[in-house]
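Two complexes are shown next, each including subunit A; its partner changes from subunit B in the first to subunit C in the second.
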Partner chain A sequence: MKSVLAVIEYIVKQNIRNKMLNVLTIFSIFIIGFSLAISELAQESEIRMLKDFGLFSISLLSFITLLLSVTIQMFEETELKTMHIIMVKPIKRSEYLIGKYFGIITTLFINILFMFIVLMLVINIRGSDPWELKLLLSVFFIFISICIISSVAVLFSVIATSVPGCVLFLFFTYVLGHLTIHLKKLVAHSENTVIKIIVDIIYYVVPNLELFNLKNKLETTYGLIEPSFFLFIIIYAISYISIILLISIKYFDKKEFF
Partner chain B sequence: MIKKILKFTFLFFLIIACCISNYIATKDLFKNQPEWYFLRKHSFKKFNHILSAAMGFRAVMADFEYIYFLQYYGDPANKRERYIKLYSIFDSITDIDPHFIFTYTFGSAILAFDVKRYDEAISLIKKGLKYNPTLWRLRLYLGAIVYKELEDKEKYVSYLEEALKYDDHPAMIERILGHIYEQYKTPDEVVAYWVKIYKITKDKETRQHAYKKIIHYIESKKIKNPESILEQIK
Partner chain C sequence: MEIVIEVKNLTKIYKSLDFWKKDTYTGIKDVNLSIYKGEIFGLLGLNGAGKTTLMKTLLGLLQPTTGSIKILGSSINNTEIRKYIGYMPELPYFPKYLKAYEILEYFADIFNIHNKRQKILQTLELVGLKGNEYKKIKGFSKGMQSRLGMAQALINDPEILFLDEPMSGLDPLGYKEMRDVLVDLNKNGKTIFFNSHILSEVEKICDRVAIMHRGHLIEPVKVSWIIKKFKSVESYFIHHVKE
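Coming up: the complex of A and B.
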């Protein structure tokens, strides 16, 4: 446990050292600038737009932070050989990987929390309620979906041999993660069994990120703010992350560095 | 050996939990979300609509299109051709987000009371009602537009007054109603209305408009007690 905590601390410090949190400044400037511009343009739809753009930016910028974090760490591990130094220390490979995952998650948590506080402040200044349940849940779900995609990022960083390859895989996973539910619905009435099987495989293998996309449904949340739905998506998130991390650990244990 | 079996059993249970929870949550989503939410063969007319739905940022795309509408409506050059593209813009916004209520209310008000294309206004409201059948405010707008078309002033004024009682009415309704009052009410009644709007409106432009109107009535010396009016808007 101690060594996992040490790795988490190392990863968070490394991310801060690499100026990863600069994205927060970009967000703050963007959202404040946007709110000023939109108050002139949208007038009566200002608050709706502020929430939509705020949540969209949080989602996008946290994904970009994740990409940067994974890319820089992978570069340092493989090109600068920092992995060799870690491997000779009294730490299990599984502990390092779990620590790395939670280190990334901690950085992203700080990131999302700060962005959300800025968004809440702007919403409050503009005269709306920043403590709206749907808004809070949307941000919480953005964080959960980022946790899932982070586990996939850790897996790709272990499997992939090059940094661009890892980034590309991650990007496609993100897109497919939102698309799978639409594909599932599209083929629901299809009579072609082969297509159905292919879609089912994609559907169960790729993370189903659309389940956590409450930001797109701020106006249409029928049945989505229900404890049973939450319970199932939380179970899904925990089990999916655990499976991916177990596979990553298995692969990482067998990987040769020297 | 036992450790290995335990490991595999644990992994097996995780996979089962993952698949079952995914299946049930998806089923819930299919049940609770309207049909239009999901991509279908003919669901969208534009590529950016498909892209935004597939990438999970449908609401933001609708907002972008709404901003485009505001720019289009604000450009005086488009006024000459009586904002010919207005309906197709509203249609596009509500295709991507059929729950963007403000587009129906604001859009139909512009189409009916500004450019006087009642058929398009009614069609937009009907689309709104199709996707939001419980939103009875839209029926109110429909009534107002139908009576405006039939030139039944009393009826549509009563519908507009009813709409004004709701917090989320578009500011345009406030201005339209003021201009209708100017046609048949006394200057004192009209000024009282503008004072009320000056105090309650959330829209900066409408507040300025109300202020100008009040000052205009005071300067033209048509009202009985200008001092008390000035006192109220201080």
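Coming up: the complex of A and C.
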């Protein structure tokens, strides 16, 4: 347990100190702060747009942060061979990988928190309520979806033999993850069983990231999200992450370090 | 004498990383070797002979294709055993925005070392990095990175030290300092297994040496015997690797 904490601390420190990631965070804060300048009137519709823009930025920029962080780490691990030293220390490979995963999501938590605080400030300045439950829930779900895609990032970084390959596949997963639910709806009435099967496979293998986009779902007749749906997506996230991490550990246990 | 590393019929065949290619390359072939407690053992060989391959396989970084390896009577996959091991890879590298102290702190935490602060400062001093504890790796020279690589290998007071070309990148004073550190550790009963191209250093500190040639290990011999028969380790080495 202590070694897992040591790995988490190390990964977070490494990310926070990295100049490229810092520049990205400053850029993100600037983008969100910039929305203050474009929306001028405190009309309801303007504020709605402001919130949507802010949430969309947080979701996209946190993903880019993840990509960058994975690129940097994988480059060091494979090209510069930092893994060789740690793999000979008395830490189980599974512990290392778990530590790495939690290190990544801790970094992203901090990253999202920063951006969200800026968004809340902007909303406050525009005279709306930054503590609105809907807003808080939305950002919480953005974080959960980033946790899911981070588990996929860990898996790819274990399997992939090159950094660009890993990043490219992660990008595909992100895009597909947001599309699967729409794909499934599209082919629902199709006669072609082959296409249906392919879409089904994609639907169940690729994480369903659109589940976590609360933008439309929040506007139900209940006024707010249904508790059962809330529970469902939390369980979905935990199961998906656990399965992906277990597969990663299985691969990692057999991995050789050339 | 107590055997601390025991290698039997070890072969490592590299497979292509691209699964559609079938080509393989034999890194080391049928290696048998016993290392005794408290000795300094030098592994010599030309570039590409298989020295690093042997070391990485011993450490579990590579999986043996066939054969068996016992370290302190157990498998290296046993994390307990790894508490007694130190390893310095060739050309060690560390994340450049971290400080030397922070890097050693990370490893000290993994070993669960008590009074780690004292241990870290002491180890950095031992490898000649006193005064650079809080400097970022970004500002380290090549030799300073090697020294840090040595420091992380020593942080847990290992019983067995695996060093892959520990002298590379060091200045002439560094050679002497490294030699002193190794001899000193050895006096305290530590076993040292290292690869090197610097035959004059090998001659000064090793008890036994073995030559790796094209993946085959030539029977280990005592340095004192070499001096008697061949006058120097260099002429013994040339004698074996010459065409």
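Keep in mind that, in the parts below, the second predicted complex is superposed on the first by the 228 of 258 C-alpha atoms of A that agree within 3 Å, B and C clash if a C-alpha of one lies under 4 Å from a C-alpha of the other, contacts with A are read in each partner's own complex, and residues count from 1 in each chain.
Basically, a residue touches a chain if its C-beta (ideal position, glycine included) is under 8 Å from a C-beta of that chain, and two chains touch if they have at least 3 such contacts.
Here the structure is a predicted model, which means the values were calculated and not measured.
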item: Partner chain in contact with A:Ser3 - subunit B first, subunit C second, else both or neither; value: second
item: First, second, both or neither for A:His182, with subunit B first and subunit C second; value: first
item: Subunit C versus subunit B, contacts on subunit A by residue; value: B
item: First (subunit B), second (subunit C), both or neither touched by A:Tyr240; value: first
item: First (subunit B), second (subunit C), both or neither touched by A:Pro90; value: second
item: Subunit B versus subunit C as contact partner of A:Lys254, first or second or both or neither; value: second
item: Which of subunit B and subunit C A:Lys13 touches, first, second, both or neither; value: second
item: Partner chain in contact with A:Pro227 - subunit B first, subunit C second, else both or neither; value: neither
item: Interface residues of subunit A shared between complexes with subunit B and subunit C; value: none
item: In the complex, subunit B residues that touch subunit A; value: 11, 14-15, 17-19, 21-22, 24-26, 28-34, 37-41, 53-60, 63, 66-67, 70-71, 97, 99-102, 106, 170-171, 202-205
item: In the complex, subunit C residues that touch subunit A; value: 14, 17, 56, 59-63, 79-80, 82-83, 85, 87, 89, 91-95, 97-98, 102, 106-107, 109-112, 149, 152
item: Subunit A residues within the subunit C interface of the complex; value: 2-3, 5-7, 9-10, 13-14, 17-19, 76, 80-82, 84-92, 161, 254, 256-258
item: Subunit B contact footprint on subunit A (complex, rising order); value: 38, 41-45, 48-49, 52-53, 56, 59, 175, 178-179, 181-182, 184-186, 203-204, 208-211, 213, 215-220, 222-224, 226, 228-229, 232-233, 235-236, 239-240, 242-243, 246
